[in-house]
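Structures for review follow.
Two complexes are shown next, each including chain A; its partner changes from chain B in the first to chain C in the second.
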Partner chain A sequence: MLEVVHLSKYFIMRRGLLQYLRREEPKCIRAVDDVSFKIDKGEIVGLVGESGSGKTTLARLILRLLEPTSGKIFFEGQDILSLSNDEMKEIRKKMQIVFQDPYGALNPRMTIQKILEEPLEVHSLYSPKERIDIIKKMLKSVGLNPPELFLDKYPHELSGGQRQRVVISRALILNPSFMVMDEPVSLLDATVRTQILDLILRLKEEFNLTYLFITHDLALARYICNRILVMYRGRIVEMGETEQLISEPLHPYTKMLISAVPVPNPSIKISLPPRASEFVDVFTYQGCRFCARCPEATQLCQREEPPLISLEGGRSVACWKYK
Partner chain B sequence: MPLLEISGLKTYYYVDVGVIKAVNDVDLVLNKGECLGIAGESGCGKSTLALSILRLIKPPGRIVGGKILFKDVDLLSLKMEEMRKIRWHKIAMVFQGAMNALNPVHTIRDQIVEAIVNHLDYSKTEAEKKAAALLKSVGLNSSVLRSYPHELSGGMKQRALIAMALSCDPEILIADEPTTALDVVTQAQILMLLKDLQRQRGLSIIVISHDLSILAQICDKIAIMYAGKIVEYADVETIYVKPAHPYTTALINAFPSVRGPKKPLSILAGEPPNMINLPPGCPFHPRCPSALEICCKVEPKMVQLDREHYVTCHLYGGHARKES
Partner chain C sequence: MLRSISSSWKQFSKSKLGIVGLVIILIFVFMAVAAPILSPYDPQASFIAPMFTPPNSKHLLGTDDVGRDVLSQIIYGSRISIMVGLLAAAVGTLLGTIIGLVSGYFGGIVDDILMRITDIFLIIPFIPLAIMFALYVGPNIWNVVLIFGFLGWPPAARQIRSLTLSLKEAQFIEAARAIGAGNLRIVFRHILPNTTGVIIANVVSRTVFAILAEAGLAFLGASDPRNISWGMMIFYAMRSGAILYGAWWTYIPAGFCVALLACGFAFLGHGITLVLNPRLRGR
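Take a look at the complex of A and B:
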């Protein structure tokens, strides 16, 4: 359904006057660096990593909200980077995104009805009368019942969970086939979180969706995803089927992420490996990017960057230990 | 010996449409050197409880009753001038939202020094020395002193705030959602820092969070709050191994776990109650899977199940006694 090939996005930092006069090379952040993966129809793929690892940039590239530095993106077999704006608009109906912050993602001066009508207006779909019916149906399927109660409300009148339901219904109203969920529950309470997760899973079946699910919490990814991609500083460092990846993580970074997730059980304590908080110079790209924080780093790791190596069972890992 | 003893505390907000009983008859004890967790959904009164302890409630809110004994002195009877000597000196707080609690136009040094000079009799040079030492104790390099908040990561800002809260060597530290909005690795580091501070300084800590998996990691005692009341209080093992209140069970089961076999998550339907118009009887009964007839009529009282295990539920006392 979606294929990403050698995708990169570099952000070039602006030089100051002094650096300009000294003719220093501009510094550059490789937010996404040579990333390739596939998502099949009906899958839920988790994209996991710390803040700053490039998860959101990757999502924005896939939706073409950002233009990549290099690489290709195929959506349903079509190379979307070669499309014109008009052609892209058609594709956009099929790929939607749900943002992290349900408080910031809704226009505070629009009623819920207006918010949900807007995407239909933009794509000039249906008559105004039909639109209301569609909006009502949508609100019902995201669990805002009865819909009449919500149509004239403003976002501030709703709770966080209800707002996230509105955000999800807005993304769904154009009947997409692929959705990016960018940390959809990280700002919600525990009980509301499970309600929204349940909704996300139910909608997937109901609307035949495929998800890219972004989160920093591996425990959450475990409950939602079929497959997990672990990202660190712009690179995919490990890929694999969820239970396999969680029960026997290969990359030291994945291990660290797992050991940092708090468990609702006081007898299992979180721990961090030594050097986990080591300072990382974000502008250097020599060797393995994780080696400054890696407890198992060797000299080779400092010198050369490991490639993503394919292993048995559809797993891949970028670490010299497995070469 | 309890360091802080709260009894019958009531904090209400008088708004146009009615009275919000955000903290409604709360009894709670914090012992010296202990870490107490207060858990509950948004809007259950956790933060109001914390602000009440420091008497930082602003109108339309008001503390209308109860006692807060700190070393046998009732904080609610103190004059504002005397209260100021308690705040920060004895009881300090790390507020929610590390990202926004720091002033963006001052360096970290200026902000910590300001806190020290305002509260203690220090000269500016002494205060700067102390600021560097404080940063070190929370695991930050002294080069951070010269930084502005925007130059720091979320975890570093949270550490700086903790350092600031420790500037007058308080006996109690209240941390309101100390790790929300931080990613897992940073979160683990902050939690370990709090635990270290508790051990090394003998600090007593109150952690407020909606996340029971975090509290499980650092707390000794846990109080579960619902609609302004404590519905269960016990030591951390008891809460997780033998939770008594159906709400506690539901909260625990709402958390996915990365270890052990994969268990299905249980969904607690519904939303927290409208605090202006609480349902009659037990406020949890509309969402409770094991609600009895009595639950919608009579409000349950807190009963003692074990030496340090209290629960407010009809399943464990009064008219509907059942085997626990």
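Take a look at the complex of A and C:
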């Protein structure tokens, strides 16, 4: 369904006048660096990593909200980076995104009805009358009942959970087949969180969806994902089936992430691996990026960057230990 | 919409200054609209009484150097001040809004060019430039409105641009793009409605400026001589030696009205800021 091939996005920093005169090389941040993976139809693929690892940038690249520096994205066999604006508009019906922040994702000046009508209007689907019916049906299926109560409301009159439901219904209203969930529950209360998660899982069955589920919460990813991709500073460091990846993590970073998940049992002591420093110079790209924080780093790691190595069982890891 | 208007009004009504401003403006607007009924004489009719007649029961504010009734002129003059003030502010803000939106949204070289032009307009002293234009295109009242409008866009452009810069990074804009919305739709449906606060504030502050500037321009003799305006009255008073003569009634009321109307809009602006900026509330 979705295939990403050697996708990269570098953000080049502007040079100041002095740096320009000194002919310094412009610094650049490799937010997404040579990322390749595949998502099959019906899957829920988790994308896990700490903040700043490039998860959201990757999501925006896939939806072509940002133009990549290099690489290719195939959606249902079509190379979407080569499409014109009009062709892209058609594809947008099929791939949608749900954002992290339900407060920022809705235009404060529009009523819920206007917000949900917009996708239909943009693609000139249905008559104005039919649109209202579709909007009502959609509100019902995301659990905003009765829909009439919400049509004329503004986003600030709704709770966080209700807004996230509106965001989800806006993404769903064009009947997409693929959705990026960009940390859809990380800003919600614990009680609302499970409700929204259940909704997301239910909708997947109901609408036959495929998800790329971005989260920094490994426990959450374990709960809902079939496969997990672990990202660190713009690179995928490990991917594999959820259970396998969590029960026997290969990459030191994955191990670190898993050991950081709190266990609801006070008698078990968490032992975090010793870490050198969280501060890493983000502008140098020599060697393995995790090397400065890695307890098992060798000289090779400091010199050369490990490629993503495929192992048996559909697993891949980017670490010299497995070469 | 109705609900938001009524809640805005509730906020606004808490500001005494805002209410005072609104009352002042309404009085002047009433004066302008009902000028033919209110004014006791034809403002242009000369020598209905001897020149420089001091205020008396027949001419409440006396007469000027050609024996015209000052009160009637004051009443008719409110038309020019209010019209020029509001129209110039509207033209300026409209231009500024468009330029600010384009500049902020598209960025890059477009932004650079537009903002450098804005800089140029900002550093040129306003009144001399306005006089020069007025003399060049002919000082009729519509030209004055256009000149003020065309010279008055930079502050609005700056403010709208900076707001647009922050709005275009908002997630709901990204959501709109993910839906497939085009640039036009994003700018007019999503960004513009979120700038209304700044636009209203701008109209009000530019109105104050235009009222004062029109009076200034008229005082310097570069406004339409066929229309009576308050600035024009002071100009005639100066030229005819009313000050030497001691005929204070020919220029004090006009000056007072200019100041009062400008204050009215400034106060109104204060009240509106209170509505638009929740952080200032309750202070």
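Going forward, the second predicted complex is superposed on the first by the 314 of 323 C-alpha atoms of A that agree within 3 Å, B and C clash if a C-alpha of one lies under 4 Å from a C-alpha of the other, contacts with A are read in each partner's own complex, and residues count from 1 in each chain.
Following the convention adopted for this analysis, a contact is a pair of C-beta atoms (placed from the backbone, for glycine too) under 8 Å apart; a residue touches a chain by one contact, two chains touch by 3 or more.
All values reported here derive from a predicted model rather than from experimental measurement.
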{"item": "Simultaneous placement of chain C and chain B on chain A, clash or fit", "value": "fit"}
{"item": "Apex chain A: angle to the C-alpha centres of chain B and chain C, given in degrees as a multiple of 10", "value": "80"}
{"item": "Which superposed partner A:Leu197 touches (first chain B, second chain C, both, neither)", "value": "first"}
{"item": "First (chain B), second (chain C), both or neither touched by A:Met256", "value": "first"}
{"item": "Contacts of A:Val122 with chain B and chain C, given as first, second, both or neither", "value": "second"}
{"item": "Touching partner for A:Phe99 - first (chain B), second (chain C), both, neither", "value": "second"}
{"item": "Contacts of A:Leu63 with chain B and chain C, given as first, second, both or neither", "value": "second"}
{"item": "Which of chain B and chain C A:Gly16 touches, first, second, both or neither", "value": "neither"}
{"item": "If touched residues of chain A are counted for chain B and for chain C, the larger one", "value": "B"}
{"item": "Superposed arrangement (fit on chain A Cα atoms) - minimum chain B/chain C Cα distance in Å", "value": "11"}
{"item": "Chain C partner contacts - residues on chain A that touch it in the complex", "value": "60, 63, 65, 88-89, 92-93, 96-97, 99, 101, 104-110, 118-119, 122-123, 154, 167, 170-171, 174"}
{"item": "Interface residues, chain A side, partner chain B - complex", "value": "50-51, 159-161, 186-187, 189-195, 197-198, 216-220, 222-223, 243, 246, 256-272, 276-277"}
{"item": "Residues of chain C defined as touching chain A within the complex", "value": "4, 170-172, 174-182, 185, 189-190, 193-194"}
{"item": "Residues of chain B defined as touching chain A within the complex", "value": "41-42, 139, 153-154, 180-181, 183-189, 191-192, 210-214, 216-217, 236-237, 240, 250-252, 254-259, 262, 265-269, 271"}
